[in-house]
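After the C-alpha cells below, expect a handful of questions from me.
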Amino acid sequence: MIYFECDYGEGCAPAILQALEQTNLEQTVGYGLDPYSLKAQQLIADLCGLNSDEHKESGTLQENLWRERETAGAVHFLVGGTQTNTVVINYLLRPHQGVIAADCSHINVHETGAIEHFGHKVLVLPTQDGRLTAAQVQDALLQHLYDPNIEHTIQPGMVYLSFPTETGMIYSKSELQAISSVCRQYRVPLYIDGARLGYGLRSPKADITLRELAALTDIFYIGGTKQGALFGEALVICNPAYRKDFRYFIKQGGGMLAKGRLLGLQFLTLFTDNLYWQLSDHAVSQALRIRQALADKGYPLYMDSYTNQQFTVLTNEQMERLQQRFVLSVVERTDSGHTVVRICTDWATDPENVTQLINAL
Amino acid sequence: MIYFECDYGEGCAPAILQALEQTNLEQTVGYGLDPYSLKAQQLIADLCGLNSDEHKESGTLQENLWRERETAGAVHFLVGGTQTNTVVINYLLRPHQGVIAADCSHINVHETGAIEHFGHKVLVLPTQDGRLTAAQVQDALLQHLYDPNIEHTIQPGMVYLSFPTETGMIYSKSELQAISSVCRQYRVPLYIDGARLGYGLRSPKADITLRELAALTDIFYIGGTKQGALFGEALVICNPAYRKDFRYFIKQGGGMLAKGRLLGLQFLTLFTDNLYWQLSDHAVSQALRIRQALADKGYPLYMDSYTNQQFTVLTNEQMERLQQRFVLSVVERTDSGHTVVRICTDWATDPENVTQLINAL
Amino acid sequence: MIYFECDYGEGCAPAILQALEQTNLEQTVGYGLDPYSLKAQQLIADLCGLNSDEHKESGTLQENLWRERETAGAVHFLVGGTQTNTVVINYLLRPHQGVIAADCSHINVHETGAIEHFGHKVLVLPTQDGRLTAAQVQDALLQHLYDPNIEHTIQPGMVYLSFPTETGMIYSKSELQAISSVCRQYRVPLYIDGARLGYGLRSPKADITLRELAALTDIFYIGGTKQGALFGEALVICNPAYRKDFRYFIKQGGGMLAKGRLLGLQFLTLFTDNLYWQLSDHAVSQALRIRQALADKGYPLYMDSYTNQQFTVLTNEQMERLQQRFVLSVVERTDSGHTVVRICTDWATDPENVTQLINAL
Amino acid sequence: MIYFECDYGEGCAPAILQALEQTNLEQTVGYGLDPYSLKAQQLIADLCGLNSDEHKESGTLQENLWRERETAGAVHFLVGGTQTNTVVINYLLRPHQGVIAADCSHINVHETGAIEHFGHKVLVLPTQDGRLTAAQVQDALLQHLYDPNIEHTIQPGMVYLSFPTETGMIYSKSELQAISSVCRQYRVPLYIDGARLGYGLRSPKADITLRELAALTDIFYIGGTKQGALFGEALVICNPAYRKDFRYFIKQGGGMLAKGRLLGLQFLTLFTDNLYWQLSDHAVSQALRIRQALADKGYPLYMDSYTNQQFTVLTNEQMERLQQRFVLSVVERTDSGHTVVRICTDWATDPENVTQLINAL
C-alpha cells in the first residue's frame, strides 16, 4: 500500500539522523539549556527578524529580585502540536477568557478537548474554507463588548489561526495584516499554529515571508513533526510581553523534554542550508502534480488548496478502486454515494508514488 | 419603572421569611445535615417518587470499609443555578468527556465558561427553538462512535436539557421519553436544568408530571431562586449510581452553605400546602395574559412559549415607547429596526402591572 | 443540647431579617448591581479607607475600547468562604503559581481541595499556632528564587493568612506589617481570609484597626456568615491592580447570587449603627468568660486565644460528662486518654448557656 | 568537564539509532497504531506476565454499542515522565480525590505543580529516605475515613510510589507486598513511577522481578528516557479495570506522539536481547564503584543507595575542588560549610570517567 494519508508517516530527513549520531555520546545539560538548543534558538530568532533587543527580555516585574533566567527566551522547542497549542493558550489566557478559532480548527476538533481541559472555551466562528476573516474577528470582539451580560459570558482573550489551515488554505499577507490589526486594536494576542508552516509559506500562492508573518503575530510555531523532523515544534514568541516565565508552562504542560538537545539538533539541522525550505518545496510540488491531475481528469477540487493537502470528492466506485492500492484520508461522507478525501504529500513523498496515484485516478 | 426583565427581581414568598424568623435563633448543625434539610430532602424524594430503597444507597464500592455517610443522598440543596450545573456536570463527566447541549443553553452561553473552566467541552447542537431532539442526540453519539480519530475527539458523556428552555419552551412527555430512551441505550446520563421547573410543569401545554420527569432523568433540579425562594436549588439524583460521594463535589464547588438549614427551610416551605405550584401558576397565568395581548395586538410571537417567559419583536418606535415605563430584557437586535425582547413574569408579578403593560402595548 | 460547636449554628441578627422583610417585594436588578449592594459597597470602601480615587479603577488596559464596567469595583459580595477563597486565589494566581499558606489553614485542610481543583498548589509552611511569620514567608520566596530547577517547581504567587486563624490566634500590627513588607518587596500579593474578622479585630489583644489592616493587604474579606449574617462575605480589593474583570471570576466560580441585593442588604445592616462590632464584642466577651473559667479550673489552654474560639484538652471522663449536655467540636485525640476540643461562641451566644457550661466544667 | 549530574545527559543506545535508520523511510500509520508499537506492546505485556486474557479488555460498559477500540490496551508509550505521571493520575482520580505520595516525590516537588494543575492535591506523607511504609498509607486512609468533616477534605484516591525513589532507594518485595495489600484492602489503586526502573530492579539489593512488581501494582511505567532511549516511557496497566478509554487521556494530555512508531521501535530495541537489563547493569555497577570509593575514603553516605544515584555530603573545600572537573548535582546546602550532592551514573557512563572521579575524591 502507498500512503497519502498524512504527513507524518515517515521518519525524518536523513541529515537529522546523521546529526543525532554524530552527537550521540556527548554529554550536555538537559531541558533545552544545552548549546545546540541555544544555537538553534538564536538561529530561528534571527530568521524571524527578532533582533537581540527583542530577543532578550529587559525589565521584568521583579527585575532586581528574581535572578535573570532562561525562562524568558523568544524561541522554545516543544515535542508536538497539541502540546504546543495547549501550553501557549494556557499561557496567554486568564481563566475567564476563551480563544477565538475557526470551526474546523485543530484545537476545536482534534485535541480531545485539551483546551477545555486546561479550563478555556474555544469560541468557534463558522468558516467556508477554514479561514477566519478580520471582520468576523472584530464582530466577535464587539459582540462581547456590547453584551449586556458581559461578565456572564467568556471574554475573548486571543485569536488562533492555522497557516495553512486544516483545509490546506493559506492567508494572504493583506488578510493577515487585517486580522493582526484588529487584534492589536483590541489588544488580544494573535497566535498562529504553523504545524505545516513550510508547506504554507512555500505555496505558489503565498505572498508573505517568515519574517513578515512573525512581525504580524504575537506567537506562532514552526512545525517540525510534519515537515521532516522526527518530532518537535519551534515556538516563536515575537511579542516580548509574552516571554516571562514561559518555561514553567512548558514543564507544567509535560512538554519539557529531558534530552532537550534532540529538539535543538533537529531544528539546527532543518535551518542549515535551507533544508527546511527544500523539504517544503518538495511536498508542495508533488501536491501540485496531484492537484493538476485531479483538475485534468475532472475530479472536483473540494478546497482550492495550493499546499501539501489536496481535497477532492470521490464516488463510491472511485473510492473502492483507489483504496486497493492507496491509503487516503476520509474527511466525511457527503451522501451515500460520495466521500470527501484528503490526499497528503510530505517532505519524503516518492515522486514515483505520485505518478502511480495520478495514473490510477 | 415596572420590571418584566427577569424572574429574580423580588425577594421571596412571605411564608419563607416567616419560617426563617420562627427558627432564627434555634441552634442546628451546619452544612445541610440539620433536621429541616433532612425533612425537606425526604419530602422532595417522596414527591419525585423515589422510594426509600432508591433513596438510600446500598452497597457502595467500599461498603464494609468506608463508613456509611451522608454523602450518598438523593436530594441536595445548592445555592444557585450556575453552581448546580457546574457541580453536576463535574460529577458526571470524566476528563475526556463533554456534555451535549443546545446552542442557546445556559451552560453554553451564560455561565462565563464555568463548564470549560472545570475542564469539559460543551458539545453544542443547533436548535430552532432551544429544544434538542432525540434524533439529534443519537446522531451526535453515533458520529463519535464512528469517528476514525475517536480518541482525538471529546467523548459525549452526558446530555443536558432545560425544562423549560431559555426560550420558554417545554418538552412533551413523548419527546422526553425519546431522549431518555436514547440516553439509556447509549448509557449516557440525562440531566435536566429545572431553574424554572414549576413554570414549565404548570404550563397549560405540559403533559408530564414531576414524578414522570423524575423517572426519565438521571439527575435534575427543582429551581428555587426564580420560583419564590430567596435563593436555592433542589437537586434530585434519581439514579442511585450517581449518589456516591456527591457531597464532596458540592463542597469542592463552593456550594455547601454553612447554614444549610436556610435551604432546607425554604424548600420545606415551598413544598408545604402546594405553595410551589401556586406560585408557579400565578406566574404562568400572568404570562399568558401578556401572550394573549401580544397576539391580539398583532405583535409577532418570537417563541411559541406557554411559560413565564414571552418573546416578541418590537420596532424601534415600540421599544422606545415601552422602555419609558417598563424594563424588558433585550435578547438581540435582528436588524437596525427591530429588537427581540423577553418579557418575564414570576411568582410575585403584580397583575395590575401586567394590566398596565397590556394597555401600553 | 447546647451548642458550642461552631459559629454558624443560628440564623442571623434580627435587624437583617427585618431589612429583608421591608424590601421583600421591591423590584431591583440582579447580580449585585442593585442600589442596596452599591450603597453597601461604598459604605465598606469608606470604612476601609479606600478613597474614591482608589475605589474607581482608572485607566484599564482597554480603556478607550471596552465599555466602563462594574467589573472593576473595590468591594464585592460572595456567598461563602470556600467560594470566596477559591475565586480570589484563582484570580490572583497564574497557572504556574501557588499560594503560601499555613499547614492548618482552611484552604489547605477544609475546602476539599478546591484550590487544587482550580489548578493551584497550596505551598504549605509549618506553624506552631497557626500563624506564619515574615521570616518564613521570605525564606520560602528566596528558596524558590535560588532553586537550580526553578521552573520545575511551583512559583509562589501570593500569601494567604487568616485573621484570626483557624486556631483563634491573631497577628499583631507589627507582625502584619512585617509580612506585608516582605510581600511588597517580592511583589506577591497578600490576601487575608477574614471569615471571623470581627472576632479578631475586637479581641482585647488586637492592636490593629480595619483601616490599618486594609492598608497592609491587597485583598481581604470581612466575614458575614459567622458574624451575624444569614450568609455572605464582603470582599475588599484594596489594591486597584486586582480589580479588573473581577466579576467574571465571581460568576465563573458560581458565586454571583441572582438576588444579589440579599448580600448588599445584609452588609448594609451589619455596618449601620456599628451592629457588626457589637455582635463581635458579644461573642468575644462570652468566649473570654469561658477562657477565664478554663484557666481558673485548671484546664490547659491549648491555644492562647483571645477570640471567639477557645481550645482546651479534656480527659475522657471530662469529655463524656460535658457531651451529655453540650456539643463541642473535636479537634483531635492526642492520645487514648485525651481530646483537644474547640469551644465556639458567636454573635448569638446566650450568656446563660455560657454560665451553664462554666458551671459544668 | 565530566558530567555525573544526571542520567539523561547522553543520546541513546546505538542500537536504537540503528533501528531508526533502518526504518526511516517506511510509511506507517501514526499515533502508536503502527506494527512496531503493537509488537513492542505485546512484548512488554508478555515480559510483565500479562496474559492475553488480561491484555484484552473484555466487557466494557458499552460493549455491544461502542466499537472495540485500541483505546483499551495494557501497554502505552508516552514521551516523558512528568507527562506520564500527569496522564495516569488524571485518569485514576476523580475530582474530589488526591494522590498519596512521599514528601520528596517527583510529583510533589519537580513537576511544576502539574498534578495540581490537572486538579488534584498531592497528599504528602513524610519519609526518612524517600520511601513510604504500608502503615503510613493505611493510617492516611483511616484518618480520612474517620474524619468528622469527611467531605470537607480530599479523599485519598490512589497511592504513588517511585522505584527507585528520587533518593535512589528501592522497596523490598515484602514492603511492596504490604503496601499493595493495603491498597487492595481499601480499594485505592497503586501506581509506581519507574523512571529508573531498570536501575532499581538490577540493584544488588533488589529481591523482586519485573513480573512480581507488575503483579503487585495497578499501573506502573518502565522508564526509557533515563535508561538508554532517546525519550519515552512504557506504561503498563496491569489492572484491566483501568484500561478503558486510556488513549483519550494520552491525547488530551499532549502525550500522543504523531510518529508513535519512534516509541515502539525504541522499546522493541531495548527489550530485544536483554539490552535494557545490560544497560541497567552497567549504570549500577559504575555507581557501586563510586559508592565503594566514597566509603573507603570516609565520605558519608547520605542515602544508603545501591542504585545509579549516589548521595554524599561534601565540605566546601571538597566541593570546590571537585567542581573544577566534574559536574555534580546539588541537592541542598545543609549548613554554611556542607553540601549534599548527587552523583549519577547511567547506561552510557564511561568507566574511565568514574576512575577519574574516584581518584579525585
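By letter and in written order, the chains are A, B, C and D; residue numbering begins at 1 in each of them.
Heads up, the rule we're going with is that contacts are C-beta pairs under 8 Å (C-beta built on N, C-alpha and C of every residue); 3 or more make two chains touch, one makes a residue touch a chain.
Remember, it's a predicted structure, so these values are computed and weren't measured experimentally.
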Return the chains shared as contacts by subunit B and subunit C, ordered by label. A, D
Report which of A-C and A-B is connected by more C-beta pairs in contact. A-C
Just how far, in Å, is the C-alpha centre of subunit B from the one of subunit A? 42
Centre-of-Cα separation between subunit C and subunit A, whole angstrom: 47
Touching two or more other chains - residues of subunit D: 95-96, 111-113, 117-119, 151-152, 248, 251-252, 256
Touching residues on subunit A, where the partner in the complex is subunit D: 2-3, 5-6, 8-12, 14, 17, 20-21, 23-30, 79-83, 86-87, 111-114, 117-118, 225-226, 230-231, 248, 251-259, 262, 348
Residue numbers of subunit D touching subunit C in their complex, please. 95-96, 98, 109-113, 116-122, 148-149, 151-154, 330
Give the list of subunit C residues in touch with subunit A in this complex. 31, 61-62, 65-67, 69, 71, 90-91, 94-96, 118-119, 145-146, 150-152, 155, 185-187, 245, 247-252, 256
